[in-house]
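See structure below.
Going by the order they are written in, the chains are A, B and C; count residues from 1 in each one.
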Amino acid sequence: MKIVYPKEEVCMACRLCEVACITEHSRSKDTIKAYKKEKPAPLSRTLVEEIFPGLSVSVNCRHCSDAPCIEACITGAMHRKPDGRVVVNEYKCVGCWMCVMACPFGAIKRNQYKIEGQGARGKGQGLKIKLSSKCDLCPDRSIPACVEACPNRVMAYEERN
Amino acid sequence: MKYLIIGNSAAAIGAAEAIRKNDKGNPVIIISDEPHRVYSRPLISYLLAGLVTEDRMYYRDENFYKDNNIETIFDKRVTGVDVKKRQALLEDKKRIDYDRLLIATGGTPFVPPIKGKERKNVYTFTKWKDAENIIKLTTTPPFTKEGRGGIKKAVVIGAGMIGIKAVEGLHAVGVDVTVVELASEVLSRALDKDASRIVQRRMEDAGIEVITSNEVIEITGRGDLASGVVLRDKKKIKCDLVIIAIGVIPNTGFLKESGIKINRGIVVDEKMETNIKGVYAAGDVAEALNIITGEKMPIPIWPLAQRQGAIAGDNMSGGDSVYKGGFPMNSIEFPGVPTISMGITDPRGEGYESFIKNDSANGNYKRIILKDNKIVGAILVGDDIDRAGILTGLIKEQTPVTAFKDKLLDRNFGFVHLPKDLRKEKLEKMV
Amino acid sequence: MFFTMLYKTPTYYEFKVDRDDARCIRCQVCVRQCSYGSTFYDAEEDRIYNIDANCVGCHRCDTFCPTDCITIRRVGENFKENANWNAWAIRNLNKQANTGGILLTGMGSDRPHRIYWDNIVVDASQVTNPSIDPLREPMELKTYLGRKPDSIEIEEREGKVSLKTRLAPQLELNVPIMFSAMSYGAINYNVCEALAMAAENMGTYCNTGEGGLHKNLYKYGKNTIVQVASGRFGVHLDYLGVSAAVEIKIGQGAKPGIGGHLPGEKVTEEVSKTRMIPAGSDALSPAPHHDIYSIEDLRQLIYALKEATNYEKPVSVKIAAVHNAAAIASGIVRAGADIVAIDGIRGSTGAAPLMIRDNVGIPAELALAQVDERLRNEGIRNWASVVIAGGIRNASDIVKAIALGADAVYIATPALVSIGCTVCQKCYLGKCAWGIATNDPYLARRQNPEIAAERMSNLLTAWSREIKEMLGGMGLNAIESLRGNRERLRGVGLSDRELKILGLKHAGEGM
């Protein structure tokens, strides 16, 4: 299946892929609002690893054919779509971080925030939401946001063997 | 061809799905001694804590069995297996035929012979029913401002994974908890001393009483109701609820006369097949390879159960998969201290090398354990757990880390620290 | 960080970076893109600040800002108005007072030298000579560079006609545009590769400059002109062997009379291997070739190179346009060069002393007209092709150059601008934020050769379309027919003397 492959030789560590990812996964899909306004702040599902200067690479989910995260998920939240994408069902995810532990690419992020609401212990607690967040290959787009945003064609969205 | 699966959790579902990949038509039967469709046992503490509603307990959706053409027999215990006639015996004397059998009965809580263990209000904590019972108690009126039920004080025996989960659940609903652990630390099998201390201190900060190097020798009570425990040092603790969470042992009791070879768990080969042809075992009940130690042992964790089940299922239905082995790993977060551990966490003996970053003041701890320049274990406590999976991968693939071992503890440790060829192999090829 | 500035000697900085805080999302893309230390993030304040004194106005940050929150303003024009002592003069003077050094700069001169291209207009066909639509009819831009025979002999055998004259080696160009000399070292490997890829793709040539040719780029040899300069860096038999042509660099429009200078910091391991000099050492080309003190000496080198390349490759000689360019060109042609390249005063460079770049040499247009005329008058125009360089900015400049007598043009700045260069003129610092004039691997990876080659190819494609349109308008269907056809040009607003030098009539004068 088509996934996003980075090419480190031309990655310049600008991190615009992260900005694009955050924007795409925001509610407003507006970069400024996504960063400055939205609570919870949307997370980037791609991570630019860097040894400064001179080496950087954007790492995101490989949508492994034999996905350890799906195996490790205790709730069934992590699942594979018929098109092959490995995605999180946010309603089912409880944030146990088993997938974080299992993913050999370190490509799953812990998404934690508080919402107004009542926890089991009573009033005024605010409910702490814990969710795994990961690359979903931007289902609303034909090309993932990171790929499109990359100014140096680092990210290839293609099928490889 | 008729497939029979005893058990209805991770390994069973993994197997059923794998079978259905290879074989869409032949009957698949799942037998469970619980009344529920497949749910996540690890979630019972979340249920107890009120963090999930019942509908979120289920591991697969409502139509799972129907969609996969799986027949189910729920709420029935299997009492034996007749491998000659290829039949499973149910508690109601019914016999179910099979051509291929998977035993995925998981673990059963180990309950030591403590005096008074048969009293009411003494529970184990592995199944939905356990959580349900405890919820009933905690929610029984009168409601109070502090809590939501009649139960005010609980003693949890055992501070391993299950014990901590029970503590977490009870604590979340406002029950005052004391946990008693035989070892000198909490989570002693998953963590080392330093890491355990961080978790223990956090528990104590949250108001949980932690008693280590001690054990409950008697559960006392009024009538048949438990009302307290007596510790080895004669200390008495009053309580309305006792949870025994010492651990689980493979649930193999019903196989005693079956001829299926059982050691600590059911002995299986690399195809997850037992000594009896056509009979497979997977999950917490099976004794499979630990790739780090090279020993065969039950490793009762969800991901391995899932994988073993899938491999067994594939092999049962004509596939040819090999279980390459696994290793223990766990992720637990209590209270607010995310903790991930994997492999050998408390090395004894020669040849180990440890890299440790101990920032216990801030609740952060990271230890990576090497042997022969390969990672064999890791403990991550605190905020720096996000890339833990990379370590899992390195352990699994037995990657030599000589070239970058000084970087393993870095907060930003990642693929950029791997040799270029390895990195490109991993990131630029299909997985 | 701000404190250090307070004690600095005044530099009267040129730019001010304005940041719209309402739009700034602190993504720090700009911080990472700025290679001049002008932009930094203050974690305590959670704000991005600028040290304006460090800004070179390259626009890397605002180009990359995902929220368009950055505006770079020019400042320093608010000195007391003075035609004589303007900001440029004061700023330069202060730099020298700070350092005691020669003023260095990069790229071509930014002084207001007269751009003759802008005072020349092109003819078009009306009524009496029909124009041609290049979309409907074939239009030939194919150009051959090299010596053409004085006459040709034809052989007829059994009804078949063949050429008896043996032709001198030629460079075949699909477009009359080549990439001028830019050395590996001045620009990095990625840009070198991109130029080579684009040259191959477009059927033209790139030029190594005096930096040698990296072994990995030998595969582009058939589209590469290799230079032999006074420092002889990276010159060896393989280098000559893989090339399409050899160019002897006598001089360069941006710094006539002085040799190239690549600072040691830019001499990385790979550059050192390619140039065959120790890593980290300054690569200083002597001002003259120490074996060339006369046309006769030049002839020796030309023939030495022809000998070394089996007389299979054209040899070019490149000079800076200077007062006596025409006579020198004549000597060069007579010395046996197949191509004469002339680089005008607006020619670009990776590093040159400011005073020299802006004040030495003559405009390419004038030199071209004179060289062409001289060679024609001497009856040797066909002995060599003339390539003009230094200040070509667009397709019409090329049309005019060819009508003035050039066979082809060299371009460098347009190629670099096409891949991001904003002509900030700081190439000599080796910190180019666009990843062009730098060998810092962190910065060099900003140029993805694939993209860069595509953009350069696009540029040449666009220009050739425009050239064809203009040719068609003149009723010409081949660039060949325009070459030296000054009758199709007219001067506008030029003095009689300038027109005479250019060999042009003034606009308004008929045929």
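Convention: a residue touches a chain if its C-beta (ideal position, glycine included) is under 8 Å from a C-beta of that chain, and two chains touch if they have at least 3 such contacts.
The model shown is predicted, which means the values in this text are computed figures rather than measured ones.
If touching chains are joined by edges, the resulting network of the protein chains shown is an open path. If you compare A-C with A-B, the chain pair joined by more contacting C-beta pairs is A-B. Comparing chain C-alpha centroids with the centroid of the full set of protein C-alpha atoms picks out A as the closest. One finds 69 Å separating the Cα centroids of chain B and chain C. Taking each chain's centre as the average of its CA atoms, chain A and chain C sit 45 Å apart. Taking each chain's centre as the average of its CA atoms, chain A and chain B sit 27 Å apart. Of all the residues in chain B, the ones that touch chain A in their complex are 10, 14, 40, 42-43, 46, 49-52, 56, 58-60, 148, 172-174, 302-303, 306-307, 310, 329-331, 333, 338, 340, 342, 385-390, 392-394, 396-397, 412, 414-417, 423-424, 426-431.
Those residues of chain C lying in contact with chain A across their complex are 22-23, 25-29, 32-33, 64, 66-67, 190, 435, 440-443, 445-448, 450-451. Contact residues on chain A toward chain B in their complex (touch as defined above): 3, 5-8, 47, 49-51, 55-57, 59, 62, 64-66, 68, 71-72, 74-76, 91-92, 94-110, 119-122, 130, 159-161. By the touch rule above, chain A contacts chain C in their complex via residues 9-16, 18-20, 23, 31-32, 34-36, 52-54, 149, 151-154.
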